[in-house]
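Once you scroll down, you'll see the structures, which are given as structure tokens.
Heads up, the next two complexes both have chain A, just with different partners, chain B and then chain C.
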Partner chain A sequence: MTYIKPKFRHPALPKNDLGYTKTVYEGSLSTLCAGCGHDSISAAIVQSCYELALEPHRIAKLSGIGCSSKTPAYFLSQSHGFNSVHGRMPSVATGASLANKDLIYFGVSGDGDTASIGMGQFVHVVRRNLNMVYIVMNNGCYGLTKGQDSATADEGSKSKAGSVNLFHAIDLPSLALELGATFVAQSFSGDKAQLIPLIKAAINHPGFALINVISPCVTFNNNPGSTKAYDYVREHIEATATVDFIPLQEEISADYAAGSSKNIEMHDGSSLVLNKLATNWNPQDRMSAMNAMQQAKLDGEILTGLIYIEPETTDLHSLIQTSDTPLNTLDESLLCPGAAALEALNEEFR
Partner chain B sequence: MSVNNLINNFVVRFANVNGTGSASANYLFAKAVFRMGIFATPKNIFPSNIQGLPTWYDVRVSEKGYLGRREGVDMMVSVNPQSMANDIKSVKTGGYFLYDSTKDLPEAYIREDINYIGVPLMEMCIREYSDPRQRQLFKNIIYIGALAALMNIEFDVLEQLFKEQFAGKEKLIAPNVKAVQLGMDYIKANYAYPLPIRLERRNLIGDKILIDGNSACGLGAVYGGATVAAWYPITPSTSVVEAYAEYAKKYRVDPKTGKNNFAIVQAEDELAAIGMVIGANWNGARSFTATSGPGVSLMNEFLGLAYFAEIPTLLIDVQRSGPSTGMPTRTQQSDITLAAYASHGDTKHVLVFPSTPKECFDLTADSLDLAEHLQTPIIMLTDLDLGMNDHISDPFVWDDNRKYNRGKVLHAEDLEKMSRFGRYLDVDKDGVTYRTYPGTHPTKGSFFTRGTSRDEYAVYTEDSGAYVQNMERLQLKWNTAKKLVPAPILYQEKNKSKIGFVFFGTTLFAAEESMDMLAENNIAIDAIRLRAFPFNHQVEEFISSHETIVVIEQNRDAQMRSLLINELNCNPSKIKSILNYDGMPITADMIVHQFNNL
Partner chain C sequence: MEPTNIKDPEYYHKVVDCQYACPAHTPVPEYIRLIAAGKYTEAYMINWESNVFPGVLGRTCDRPCEPACRRGRVEEEPVAICRLKRVAADHKSDVKDLMPIIPTEKNGKRIALIGGGPASLTVARDLAPLGYSIDLYDNQQKGGGMMRSQIPSFRLPDAVLDEEVGFVLNMGIETHFNTYVKSLKEIIDQKYDAVFIGTGAPKGKDLSDLPGRKEAGANVHIGIEWLASVAFEHTNKIGKKVIVLGGGNTAMDCCRTSRRLGGAEVKVVVRSPFTEMRASEWEKEDAIHEDIPIIDCHVPQSFVVENGKLIGMNFDKVHAVYDENGKRKLVSTAEAPVFIEADDVLIAIGQENTFPWIERDLGLAFDEYGMPVVDKNTFQSTNEKVFFGGDAALGPKNVITAVAQGHQAAISIDLFCNQQSLNDRPSPYVNLVSQKMGIHEWSYDSDVVTDNRYVVPQVNKDIALKDRKVEVELGFDGLHGYKEAKRCLNCDVQTVFTENKCIECDACVDICPTACITFTFNEQDENTLRQKLNIPALNLSQDLLVSAKLPTQKVMIKDEDVCLHCGLCAERCPTSAWDMQKFFYKTNKAGSQCQ
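So, the complex of A and B:
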């Protein structure tokens, strides 16, 4: 970790379709520990937004409290950010989305922030199908308070101090599937090649998109015996498929072996190309996705990649029929019924 | 008491079983009095129960226009055997007890000093109606008919009320009118009528309206431009958002697209409700929630965030009796301390205290402006009595030239002209800084909102100087708020008394009446009705210019008195308390009695 972020940029840095270099999508210097998985996820978010050529100011990034929730300061400095209170990011994101349906909402949370204090809000934001990307930076421990087990720590996983976790882990992707989530993915902070297309697909998904990212805590949970350590995750990772995200404008040029690939057309016409499919798994069948998660668990594997997708889905705004114009742009002329209507109401109360 | 004093001046109490449709019949009585041009104050005294427990409904009729509750029942309409023994005891000497005489009253229930009027309600219902639910519902209407004969309610008025109530369901008008007729006929055949306590048409009401405070708040939120409502159901606040939904559906659906210019989300709990409100306001939509004390307790953490991160928020707290679950269907003014200093650290919040439905409407709309002007939570404290009971109120007024005050918001063109935007930079030296909505400008105006300490440019810092400077600016904003909050109402034009009453909210009705009662005994009282916290200079001057201050409030711990002592430079020993916290609205008699014992 360098103390001062260099401002010098190579003049020939490549630019995206908006004419922005990747630096436009970066944030301030991370204050997380060197080697923290969360920084890799931040970098993947930067890369995804850059490659998709998103207007940074049309993105809002929200978080709760914890190491993970600090990261919105470390990417997309041209976007408004909101570091709210512990476990309550989903409600703030819901309100923000209700106010302006036209922005892209990034929610960043951790395993404590989502699976413990924030469990109530997490399950409800899933069931409301809020149109947002919800990234859990999952390291199985509480980093900011020095390494206590979290609710996603696996039963039997050993902490740095040597104690063994006694309790079942909460499996967020399986829970989201059960709750009816329409986009569920799992990834690993050390696998950018997989994470970036998943983030891109999640952004394009017109409903709630969960990406649970195993993100090792180098300081408190990277020891032998921990199931969230880099080495352990690398040894036990099993992908559902490789993932390519093809934006609307581009043609699919890759050549995939017949029978082992799947092309999922997304809501806006872009595509998700899956290659080397796991057997007995269909990403558009909830039951098979749930089975795949359970089977991986039985096999002691960490299943990553796209788990489930429902490309056509009805988000909260559509469900409650809010106006196509963002509510935060409406003024008196549309909002206030006026004096004559009020006098008519007075008459009803006489 | 002479007979004349009983005309348009009495209390009727209905004793019913909860869940039998009695409240709407009893409301019919109150509305009929109102339609006859006379002041009527209904109070629904209901249990925390859906069906089966005793419930009461008081209607005070007052020629003089007193709208507070009054103890002492002149006419008891008793249709609940569970509570009958006590109901008989509560009738004033010389008063009347109307009961269902299908069964004889037990000997023990006979008092020599009151008058009994038996009407065989159940027997008449069984004879006239075959459907069990109709038998129950029309029993209520038959006793209204009996009262119509006994107390001179105009038949035409009742008939008209049925026509309005059942517009679109005209089939229901005739059986209701018939039930009234049955009751009237029975009285006319069996009793001398009308009674000395009775109604006489007047023209006292003018253009006033009869409405509950929660409906007025919901309507005020529609008029004030709230587009996002997030809430969690809790008595007695539930009908605020229900009213908002009703009026939003009426006025805010785009006729072309059929889509809504509003969003309502029933949240999973109060924490999520206030979180959504904060998220929406952060993103530039006017948003509010309504709850009661237990909800405010849950919302504390978020209120601290909204205070420190400076996000407009409107929270309507319809207070009920605490602590804990307390008496959830009884009134109190006991969330003052909680609301004023909600959340940890040095937090304090702007409070507003409406007293009438008109003020509920006005202050809801005004608070949406004020919240955005000050970029802070505004907590409106009403109570169950104001929120759920109908009150006679001045009509609602709106000025079509009124523009919403969206506060200090920079748009793309403003940002274009600036070199560097500082979210917490006090440009105008009033403590209120400029904000931007997300998505405004491609390269300028973005900032990071956080509950952690930050500098003037919203950059995280643990620098002591920057922290202190920010806290002092928030204090400056607090002082700015004093000039913007609703001013108190002073009652001291005529008198220059050494005694000053201080009251707020629904205590208004009993307090004004008590001042008249004391004036009749040549005790002049000055008074101030508080409408907001922080207290402005008028409050400070009123306290300092009177030898004795009496704070009248509806809680045990004299919370407003504590707040005055805490916030103002005044001598606590001269500040006395008159308190009522039994869950029932305070009365003028209580105030006079406690005043005489001070």
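So, the complex of A and C:
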């Protein structure tokens, strides 16, 4: 019986700029169902953090409740983590970020956790532009509680038991666009070549970054008639463009055909190279991005890739002008300057 | 690349690195699992079937399996395969009843075996159960060949050898010991249906031309002759100061034996650099442990004799120079000769074949080096009735090679006696069975332990050096045998992939601890494909398992190199496209083709 991953690794495992192999970014052995899309997303997160050579102790993983929200146990075991209450990950992330703005915040949620119980929290964290990566592992159902339709299940999609969903689906990327999100992407757990550069770009984005990842639930929602099944997604997937994330130090080496490619410079000088661009789509124009999403829906396609980006953005901390020094490192005399200081402050309003 | 043909038994055979490397293809992981389960007798019999001398080999084998062992590619040291074999031999119960039944009614064919070493004994083992009448001739007083005359008792106790030689000789073999065969013609004239020659490589090389060799006479010995005379108790002492010339395993046995016969200052002097000596690492370690210095890069120059008595030897100090092809030359450092004192010198610089007793007019061709012309697969000579095997066939090797060749020769003899083509060799017996018992359950222990290789305990050195018959290694006890057995990665439990079940969910790729699996677009050229795997597959001796095209037009490629056979891919596969299946491969023996 294997509940422990063997300790041995490939002897030729490469090392990143910090001298770490990918092993440093792994977590414990997943207890999700064999073949769950969520595990592939975890693997993509491990690969992205390894490639970006992030120091694990500089990352905080936060989640709610659900199979998807369990995944932080399966990656980055040397990072900070908080498995919160159902649908409440955004407020915990907000609190953590306010206390320590220096960490990289990695929120992991499910479609139930986000679009049902956590909807109120989700919309506010988007509009507040909290500097975090928010990954929705979207399987169109409540996997953990045995596969009930979620609010992102498509109208007409059939469940494993054969019932048809009567309700209109909540489209999280479109909603985020409407709420002013400055980084919106959509991907598929079965397409790491696309997902990894998107995660890396999202980490580098200085504000709220949503990646809605279609992630089949093999156990409860991988049946014929489901629009979140491996086969269905593969047949209906369309990409806005291919994505390459080029870190600051590296030169763009590939040759791209003029007109069909675009180079977006990110705030820190790294860049996103998009190739084979879809027609009538401009990733830096919100209207165009919203149109592309709506058009794909009309065409019965699942549009993946980068949807919208605004590289220069003002995050929550800048908006409310918090102190440059993270609050958690300020000492008590600064945080609680005492009765005299309070008196002086009150005096100003008299 | 073309999809891998897993129907070809050699594909999975090659994945079982140890078994593939073993000349006799012993099913190593199968017996290791039996040892872990405490089934020593069963483990012994699996060994006995394929290598005839598990107790001997568990102590003395050259172990080609260990450098091949996969474990050595994922951590420092391979599984102690050889010493586990000994665990099976030491802890087995009585196996007499498990031995093949020898037909009382013979098949009417008579076979002569010349030489009583492992090669001949293997032929006897394979042919006697088929009803052949077998005569064995050997000039020694007991069977075993060099296993008896050369391998010292402190490495291989007589009792162990006697038991295993006995299993074969008790099959109704007609033995003619103390009988040196002076003429092959005389044997052939006795109208045998076939003759097998397993006479080994009995001649030790000398340094006849070295100045002083004649004068030093009585105190210079040929290593293998000296070891034999120790083994048969004609020699029981040696001088205080001993030089052993040579860097192979014979030199190691000579020096260690000398230490037990009164040699207080025994030195090994070898021409080549230490790292290039022919002796196995472990034999060198054992010699050094017994306070025997190994002096390398010293070429013998002369024996120094004073007043008619040997007092030592002069050596020329050299260093190794390599040309662009890596060919070595030993170049003198041009320093003054180095004198090393000695009361006795043992020359252990190699063995040769000689066949003075084989007439050259029997239709049996010899090559320019005086070796018989022998087919490397059938072991038949140019005289169709005469077969060779072991050191006599292709030059001095080791016991396991002699056994492997004995098996092949037995197959040939059986085919020959049944008027069948020697090239219609029986195919191996193979079997591939799923080990799945439940979602996380396999019928083998799939967990991978991280224990380092266990060291075999040894007897106290002072006790060992007092008596040449005290066995140095004590062997693993049951507990350590178990722990060492658990280090085996079960390479025979194969990862079997079924394309049409795969939904390309990547679960196996994500879970595999050693990054063996890649889904990618196929390439014509193997090297291009090897380069583009998740971790490039640079160990060319290890194959790629390539699937047919999957729905996304990609293929699954698995690099067999460092797969841990942990079964996680199969556990994480939602559709059982991966399965762990036990592959059993047994080379066939004489007789199976006629059944």
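The working rule: the second predicted complex is superposed on the first by the 331 of 350 C-alpha atoms of A that agree within 3 Å, B and C clash if a C-alpha of one lies under 4 Å from a C-alpha of the other, contacts with A are read in each partner's own complex, and residues count from 1 in each chain.
Criterion: a contact is a pair of C-beta atoms (placed from the backbone, for glycine too) under 8 Å apart; a residue touches a chain by one contact, two chains touch by 3 or more.
This is a predicted model, so every value here is computed, not measured.
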item	value
Which superposed partner A:218 touches (first chain B, second chain C, both, neither)	second
Partner, of chain C and chain B, that touches more residues belonging to chain A	B
First, second, both or neither for A:230, with chain B first and chain C second	second
First (chain B), second (chain C), both or neither touched by A:8	second
Partner chain A, residues of chain B touching it in the complex	207-211, 219, 222-223, 225, 227-228, 230, 247, 250-252, 254, 257-265, 267-269, 271-285, 287, 301-302, 305, 395-400, 402-404, 436-443, 445-452, 459-460
Partner chain B, residues of chain A touching it in the complex	28, 55-58, 60, 62, 72-73, 77-85, 88, 90-100, 102-103, 120-121, 123-124, 128, 316-317, 320-324, 327-328, 330-332, 334-339, 341-343, 345-346, 349-350
Chain A - residues contacting chain C, complex	1-14, 29-30, 33-37, 39-40, 42-43, 189-190, 192, 216, 218, 230-231, 234
Touch list for chain C against partner chain A, complex	73-75, 439-442, 446-448, 450, 503-507, 509-511, 513-516, 535-536, 538, 551-552, 562, 564, 566-568, 571-575
